[in-house]
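Two complexes are shown next, each including chain A; its partner changes from chain B in the first to chain C in the second.
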Partner chain A sequence: MRLFQRLRNKSSSATSSGGSNYAYVTARVRAMKSNLLPKETYSRLMNMDLDEITRFIGETQYKQDVDELARKFKGVDLIEHALNRNLAVTFSKLIDISEGELNYLITEYLKNYDIWDIKTILRGKYYNATLEEIKDNLVSAGQLKYNFLSELAEKESYEHVIDTLSNTDYYPILKNYDGTNLPEIENQLDKLYYQRLFNAIGTPKSSDRKLFSKLIRTEIDIKNIKTMFRMKKEGVEDGELEDLVLDGGLRLSLKEINSLVPLPFADFINSLEKYPYWDAISDFASPDMESLVDLETSLTKYSIKSAASFSHEYPLSIVPIMDYMINKKNEVNNLRIIIRGKAVNLDDEIIRNQLVI
Partner chain B sequence: MVGEEAIMDPAGLKAIGAGLAVGLTGLASGIAEKDIGAAAIGAMAENEGLFGKGLILTVIPETIVIFGLVVALLIS
Partner chain C sequence: MGTKDVKPTRSELIELKKKIKLSQSGHKLLKMKRDGLILEFFEILNKAKGVRNELDDAYDNATEKIGIAEAVEGRMVIKSTALALKDGPEISLESHNIMGVVVPKIEASSVHKPINKRGYGILGTSSYIDETVDSYEILVDKIILAAEIETTMKRLLDDIEKTKRRVNALEFKVIPEMQEAMDFIRFRLDEMERENTFRLKRIKA
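On to the complex of A and B.
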């Protein structure tokens, strides 16, 4: 009888917090992953001209988005909007089909799109970008819906934008924006995002949660390494760099970053040798390197690869879903790079170097 | 007389055993099929061609209840 009662309590508490439907979502996500463009497609796309690429994209999974937006936009803009819309629809679908704890984690993870959109709008207002330019870059994959975001973009000044956002979690940070300190606000938003994500994960007890946390922390490490390289390359003062890096990395703690930062560029590269990311950067990092493109592409590849290998460890967890989200985002980025590159007649070699395949 | 009354009818015990064999294995198959079925539906929602595979994988745990049924038939 007691066992029965315990079972009943357990099942009722599971429904109140909402049981997660891992089996359904992961199987569906795996099927969705099989719809992603295979690697060979990119080399084929590279040999096509812009019209052919546009037609090709219109025949793939982006068909519906291209058809629906065809009345409003055309050419490269059409594809760009279709890609963004598809990304937003796909990610919102993940939120819609998941339940309980899984839904909560996906929602928290996708909030980086809300932050991305807020940043885009504020940046647009800062540089007096046109409404079309701002709207081109909006991806409503998070909690903020496209209509709301385009209304935000239509506001006259940043004050109005921030006032409209007054009932969101970002307001306490946004209200300090005075029209000049945009980079500072952006960094604080990023920090808030990761802080909230770590709160959502909590202290990971189960192995799949540990893996999820590991994946997020690897992402932070990679972001930090990219930031460090960029800032080192530009010769930014040490004091500023510390505000830009994120806390909570897996291998690179804040303390280690602080000790790496003051080193001269050559020593800085050498001291990265002891981290697992060295394999990804060793071919490209040298004291007299000119461009960071290769290095950043390689690091992005590394994060995609690590997500893929993690996703096989725990098939019924959030990790395969994360893996899909990372790959989907990468596909959209690659297509955008090809289209934008072709549109401005960039050399094929330059476009190819930018692609993360 | 008292001792004889305490002994249960063997046929009744057999019936209980057979019932348990089918009932418990039925529950077990149900639990096993729950996640597989959900996953099959999820995959099918994205790709209808997976219907056949999904169906087959979903009914594989059905073997458990078939074994239970066989045992039940053997007992009774």
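On to the complex of A and C.
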């Protein structure tokens, strides 16, 4: 609890102070970036069998995580937990070494992990899952540290969990949880994340902040497109869809989204042709499409690649840090896709399609 | 029924005649039931083959979907999302009758749920999870259907076997033994009548 208070104090002071250490953090990030696996590694990994990949990952920067978790997990689960742990440690390090406004921006960006962990704990309490089950699925890559999350998971009921979070920004939403409306609470928490992130950007004045804003707002656009496709394909009522769309998109304003919502599925797809995201989805989007998986993968690739395209600009800004975070997450995702895909004997073609290289 | 246990009386003969008639009509009915059950069995067998194939396809599809979801989203994400789904499908079991064989009728409710009623939030999840849930919902449906059809098939098979045993017992044991007993009584009664006639003739002489 004390740790959590300390974190909160740090966070609240960060928002008010402006003394950021961009030079130091970007230098550290450059060094950390050199540890990322080169692109050609993935094609090599695709030609290895499961044991070879496991050994390879155990010899990289993930070695320590693999060694430490080897007592508890084995096989593919061990690798996945090691990857997630390494990601959590890396992102926590970024929060710890950054100061001022930079710390505030990084923290806000990584709060989706905090929200994910809170959701996992609430789901676990709802399901009456064992403590071990809940703890095993936590990824403390955000502001909330693993010890605090473990304490939360140990609480007897969801009421106690929510009471413990009463000093957080999530409390106004969590207090409405009555044990039956979990999906609604989850959606509101996710909306809060994007809303806070959008507010954190504010009105960008400098060029680097404009670029950061562009990156976040593109992510919001893509999230909205994915949500609309999922809901419209299932024929969910327009009212419910309107509640799920996020404000602050780059190309798709709330007004434009609201005009897309009532359209029939076929017209909705046609209306997307005028947006730059069409190139990414044109091959998959059709009124009688059976699966959204390829479309979603393509949009995710678009998002990551567009972020990477301006990563070299403004070396002393939030941009290279964001680029590193995106690439690190992408590396973890790619490694997991390969190892899990091979473990369940997915076709190499399917695995390759999911990789973002 | 051995001939030794039979009392060679006229009333026993009448009783046996009745029993043989009843057994023969029972035998005929059971034969008809057996043939009917076999016809019914073959119809269900074809259906069962189709359902089994569909079940295999649904299982393969669900396995692939969860494989992709685990790869892209991670097993931790899938497990965490699964914790949000506590309600299982409600299964109601009724029975109906095929030629006297009680077979189950399994109905399940709330297997298919719309995306917004599944228990997890939309914004924090993806279509990988939606499609995995979809494929498992279809799999559960197919399992329920296969359970109903395959149980029906097993019950029918049991009953065909039972009916066949009864038909054979009547045809090769019960009816022939009763006919043998009837012949024996007839023979004894004729014999007794002849003895009587002979005795009367001797008294007269």
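Structure notes:
In the analysis below, the second predicted complex is superposed on the first by the 323 of 357 C-alpha atoms of A that agree within 3 Å, B and C clash if a C-alpha of one lies under 4 Å from a C-alpha of the other, contacts with A are read in each partner's own complex, and residues count from 1 in each chain.
Just so we're on the same page, contacts are C-beta pairs under 8 Å (C-beta built on N, C-alpha and C of every residue); 3 or more make two chains touch, one makes a residue touch a chain.
Keep in mind that what you see is a predicted model, and the values were worked out from it rather than measured.
In the superposition on chain A, no contact is made by A:Tyr324 with either chain B or chain C.
When the two structures are aligned on the shared chain, A:Glu296 is found in touch with chain C, with no touch to chain B.
Of the two partner chains, chain B is the only one that A:Arg28 touches; chain C does not reach it. A simple residue count on chain A separates chain B from chain C, and the partner touching more is C. Within the superposed three-chain model, A:Tyr62 lies out of touch with both chain B and chain C [touch as defined at top]. Taken together, the two structures place no residue of chain A in contact with chain B in one case and with chain C in the other. Chain C contributes residues 63-64, 66-68, 70-72, 74-77, 79-81, 83-86, 114-124, 126-128, 130-131 to its touches with chain A in the complex. Of all residues in chain A, those touching chain B in their complex are 21-32, 34-35, 97, 316. By the touch criterion given at the top, residues 77, 80-81, 84, 115-116, 119-120, 123-124, 126-127, 129, 133-134, 136-137, 139, 182-187, 189-191, 223, 226-227, 229-231, 234, 236, 240, 244, 246, 291-293, 295-297, 333, 336-338, 340-341, 344-346, 350-351, 354 of chain A touch chain C in their complex. For chain B in complex with chain A, the residues that touch the partner chain are 34-36, 38-43, 45-47, 50.
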